[in-house]
Amino acid sequence: MFILTFPYTKTCYMKSTDFAREKMPIVEARILEGYAPEEKKRLITALTDAIRFVVPATNEAITVLVSEYASENYARGGEHRSPAPALPDPSQIVLNYLAAMEERDLAAANAMLGEEFSMVFPAAQSMSSLNELIDWAKDRYRFVKKTYDNVEAFQSGDVAVVYTQGTLSGEWPDGTPFAGIRFIDRFEVSGGKIVKQDVWNDLAEVRANG
Amino acid sequence: MFILTFPYTKTCYMKSTDFAREKMPIVEARILEGYAPEEKKRLITALTDAIRFVVPATNEAITVLVSEYASENYARGGEHRSPAPALPDPSQIVLNYLAAMEERDLAAANAMLGEEFSMVFPAAQSMSSLNELIDWAKDRYRFVKKTYDNVEAFQSGDVAVVYTQGTLSGEWPDGTPFAGIRFIDRFEVSGGKIVKQDVWNDLAEVRANG
Amino acid sequence: MFILTFPYTKTCYMKSTDFAREKMPIVEARILEGYAPEEKKRLITALTDAIRFVVPATNEAITVLVSEYASENYARGGEHRSPAPALPDPSQIVLNYLAAMEERDLAAANAMLGEEFSMVFPAAQSMSSLNELIDWAKDRYRFVKKTYDNVEAFQSGDVAVVYTQGTLSGEWPDGTPFAGIRFIDRFEVSGGKIVKQDVWNDLAEVRANG
Amino acid sequence: MFILTFPYTKTCYMKSTDFAREKMPIVEARILEGYAPEEKKRLITALTDAIRFVVPATNEAITVLVSEYASENYARGGEHRSPAPALPDPSQIVLNYLAAMEERDLAAANAMLGEEFSMVFPAAQSMSSLNELIDWAKDRYRFVKKTYDNVEAFQSGDVAVVYTQGTLSGEWPDGTPFAGIRFIDRFEVSGGKIVKQDVWNDLAEVRANG
Amino acid sequence: MFILTFPYTKTCYMKSTDFAREKMPIVEARILEGYAPEEKKRLITALTDAIRFVVPATNEAITVLVSEYASENYARGGEHRSPAPALPDPSQIVLNYLAAMEERDLAAANAMLGEEFSMVFPAAQSMSSLNELIDWAKDRYRFVKKTYDNVEAFQSGDVAVVYTQGTLSGEWPDGTPFAGIRFIDRFEVSGGKIVKQDVWNDLAEVRANG
Amino acid sequence: MFILTFPYTKTCYMKSTDFAREKMPIVEARILEGYAPEEKKRLITALTDAIRFVVPATNEAITVLVSEYASENYARGGEHRSPAPALPDPSQIVLNYLAAMEERDLAAANAMLGEEFSMVFPAAQSMSSLNELIDWAKDRYRFVKKTYDNVEAFQSGDVAVVYTQGTLSGEWPDGTPFAGIRFIDRFEVSGGKIVKQDVWNDLAEVRANG
């Protein structure tokens, strides 16, 4: 299994460059079977990112394995466990909510909110209902649409956090159009429901300079 | 190993509540040895969060193991690999940078920026040097200090993303003080350097309403 | 992935209660595929008990995984191995044997005994056939029935050991009934056959006091 | 890597006896580091027995591995765990207790009993203190000594069960000696304390026949 | 789980022969699913041989496990990988090539050669086409047939190496028959094609002595 | 953890190139601790080659891990095993033997042979002692030296096989020098001793053509 090239020198047929400076972590997740491929893909992406958060490995150097166990092969405290459904993608929940809000479909949007929902908008009091929000917004713009440049989601302890970032377009109360105004929203999702929304944007900057 | 309680019925001495509805994933990371305990803790936290992003497990139900391999026991392509230092905590890099900026220690702050650094502030052009920023800011406030409510960091592909969130206090150009103004900053950190900063805040809102 | 709550102190944002005093062992058994769920459940229970014999873990803290390998994926000495049937539950063998004895079905009972079978009853010589036993017992009681309070089975090296414990009821030789008399039987099961039976009970005590 | 012996026949150079009928399970226990070699040996023996309880493998065919993890490499719910001491060998506890009883060292014996201790002796009421026992025994024998033929210990859910088996020797109340009388004791040990003792023996049989 | 035989000595009931001098390595290969049983058998044989090259274990002592992962459960750099076909058995390629040469089926033989094919025969220049070879051989023998005693194949870095060893029979240019003349051929196979052939034999020895 | 680039289309934010056509096997060898780094390197190289013999992976794509277990953490049949020394590198044994032969150090060469040693040289009877060989060779050349182009070693069942390949130089019986004559030797090594040597070369070819 080793090849010796001529000229042969007895004492030095081991390679001198054996030690490259690299990391190649392997992560294995053992879970109960029953997840859909796209759910496992979300898991794999999250685990890959988790490694790269600490280990200076190129993406290619990280291997993630998912080992699935049938209920009958997996016990805790001697008791088998049956599969529970995967958590929904929190990014999708948030994007669906924002789409419902743009279409003023308050019923649909409300259905995605947790009971303890609260939201904070620029220079506004904390609000807890969508009606409050619509009331507050009516002096600020006729309507607003979001174009997304970036959606980021990650888990932080008990909640999933989703950031949506992009630009706003719409009309001022007097009907003048605006566009390209930067915004960022931060959401917390828990148990599949949105429980917190924080909003920042440049509307006031633009209005002041406009 | 099984206990039979009286009255004994031959056909039903198996427990009926064997199948609880729960998930208990196990994650094992195999890495080269050489990381400090706090670096492994960061890794463990990130892996735990990664699982919870998809699997509806309580925190307690997730076990994370780190198996460390000596260089001589870990090869890729038949070649050993030597340990590279862990990536620094990106939150700490960002907080150090922000502290240096508050103290107007531009040399220290500059040393934390990558060559390709760019920043976007509310309603401003994209800037690439701290001097540009200071020039731009001088008409907006005399000085500003940050109080942090929340720092979030996670990996997203090739970069670590850090969000800092809290309130600003300081003085307007005319010397009037302000405080409690919401802000959020988003940073990208790559190779231990800050390469992107995006800033949103309510300064204009407050000024307009003030 | 970490959340910093206000007020922020740079040097102490790590939790102080990271080290709880607990054990959470994980056991993984790799076996050839082909076992029935109830056979794997017996295996899982035995492994869980094995851990708890040494490690002070609550039941909940122990995770047992069974990984099954197809013949073609499992080799010893470069040779594949094909599945052999699981050992029958020794408790069930013993209970079937005792039921056959109560019904005086000697043919059925004999079929469950190994060639090297021997038995020891209170103050009796060691016997090796059921006829011997029946002969010995006829001066002691007309018949006897067992009520089981407890059946315990475990492996001990080459044999499975089964303990059955409970109370005897029946009739003395003169036809007087008796009941509630404590007994314990110990069995050794090897290769699916009973090879040893040892019996203790309070019959003499009760007779003496009766 | 394969050797072809003459005469060579192209289509059949694979061995026909590749599939032997055997089982060769592998068990791996992952635990926190900190156990003594003899504690790990007890664990390995218990795991080996657990496998043999179900899988028809010869002893030689079972491999048990113990992987020990440093606290900093093992987390549950993102929190590290520190090692707890192994449970003491329950057989040793029981044998120490029985030795103390033989030496009438009630203080030492009492110290090994749990608060909820109870015991059942042949044809006696359930007792809960050693004084009760001594009082009950004084009409039955002057003293008794145990010779052990067999000690068996195993875990059964929350308790360790220990069986001691052998023969009694001593003196009847009238001073006549006796010896070779069969006994078996069953103990339950929980949290390092004896919580239950059940006793069967042939004393009454021998007395009746004597 | 432990058995104590009489006479019982408290301090030495642990076996003194616990430490036999042996090795029992376990090798686990994790691969994408999709290989045929005979391909996995080749892999298992090669891994078993690899261990025995270094570890002084009897064949029986080596366990090889193959764990197969579905594409959706195996990612590198966060990307799933789909199965590629196994490499063909290089011994079979070489034997097919030699059979085609014996039957003078140059088209079939040529199809098994890589573009960079070269061959070295005893005391001949390096050749790169089969026509060259036939031309060179015509003064040496009318025809030649191979009987194989041994075929060995193994991987050596980027190429598979195959040795075929046995005896030649045929006719000298004058029609005299010969037989039993030792030969050995060495082949390199890369990407399923033969890229190198080296030939040694005793033809000249026999001719000289004949 | 996912980034969405503008323009955003709700239904297609998953990458279309998720499935590359590649293999990335991972091999883990679990052995008793006690091997030297260079012994483990030989093992790792052999395992890497074993994988590449079947799986079309580039060298880089193969990860090999060696997990070492202390004696007290590794049991077979419930018994611990103590480490045995690694097998010596068979290539080194063969090269040492050939060097001793060149220096006519028969004592040293003999010490490296197993009792059952046999050798076959071109057109010679099988021989079993070095004296026989020297006697046979004296009519063929005054002396011969080997220059190595290639040394290959691998395990084949119970023996290690070593091939040495290169060219011979020396003097014919009449004192005329020769050089550059092709040779190949095949050795079998078992238990650290050479048990078989087979030799092929072009000496007769060259002599015939000379």
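In this document, chain identifiers A, B, C, D, E and F correspond to the written order of the chains, with residue numbering beginning at 1 in each.
The criterion applied here is as follows: contacts are C-beta pairs under 8 Å (C-beta built on N, C-alpha and C of every residue); 3 or more make two chains touch, one makes a residue touch a chain.
This structure is a prediction, so every number in the text was calculated from the model and none was measured.
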Next item on the list: Please find the path from chain B to chain E through touching chains that uses the fewest steps, and give that number.
Entry: 2
Note to self: Using the touch definition from the top, how many steps at minimum link chain B to chain F?
What the structure shows: 1
Check: So if I superpose chain B on chain D by CA, what angle comes out, to the nearest 5°?
Finding: 120
Note to self: Counting contact pairs by residue number and requiring over half to coincide, which of E-F, B-D or B-F is equivalent to A-B?
What the structure shows: E-F
Next item on the list: Determine the centre-to-centre distance between chain A and chain C, using the mean Cα coordinates as centres, and give it in whole Å.
Entry: 50
Margin query: How many angstrom lie between the centres of chain A and chain E, each centre taken as the mean Cα position?
Written below: 50
Notebook entry, point to check: At which residue positions does chain F touch at least two other chains?
Noted result: 1-3, 18, 24, 26, 30, 40-41, 45-46, 49, 53, 59, 63, 65, 67, 74, 76, 80, 152-157
Note to self: Which category does the touching pattern between chains fall into here: line, ring, star, complete, or other?
What the structure shows: other
Item checked: Chain pairs that touch, as defined at the top of this document -> A-B, A-C, A-E, A-F, B-C, B-D, B-F, C-D, C-E, D-E, D-F, E-F
Margin query: Applying the document's contact rule, which stretches of chain A touch chain B when the two form their complex?
Written below: 17-32, 35, 39-40, 42-43, 46-47, 49-56, 59, 71, 74, 76, 79-87, 90, 120, 122-123, 152-158, 160-161, 163, 165, 182-184, 186, 198, 200-209
Note to self: Quick check on the complex: what are the chain A residues that touch chain C?
What the structure shows: 30, 53, 67, 69, 72-78, 80, 154-157
Margin query: Could you list, by residue number, the parts of chain F that touch chain A in their complex?
Written below: 1-8, 10, 14, 18, 24, 26, 38, 41, 45-46, 49, 63, 65, 91, 95, 99, 147-154, 166
Check: Which part of chain A faces chain E closely enough to touch in the complex?
Finding: 1-3, 37, 40-41, 44-45, 48-49, 58-68
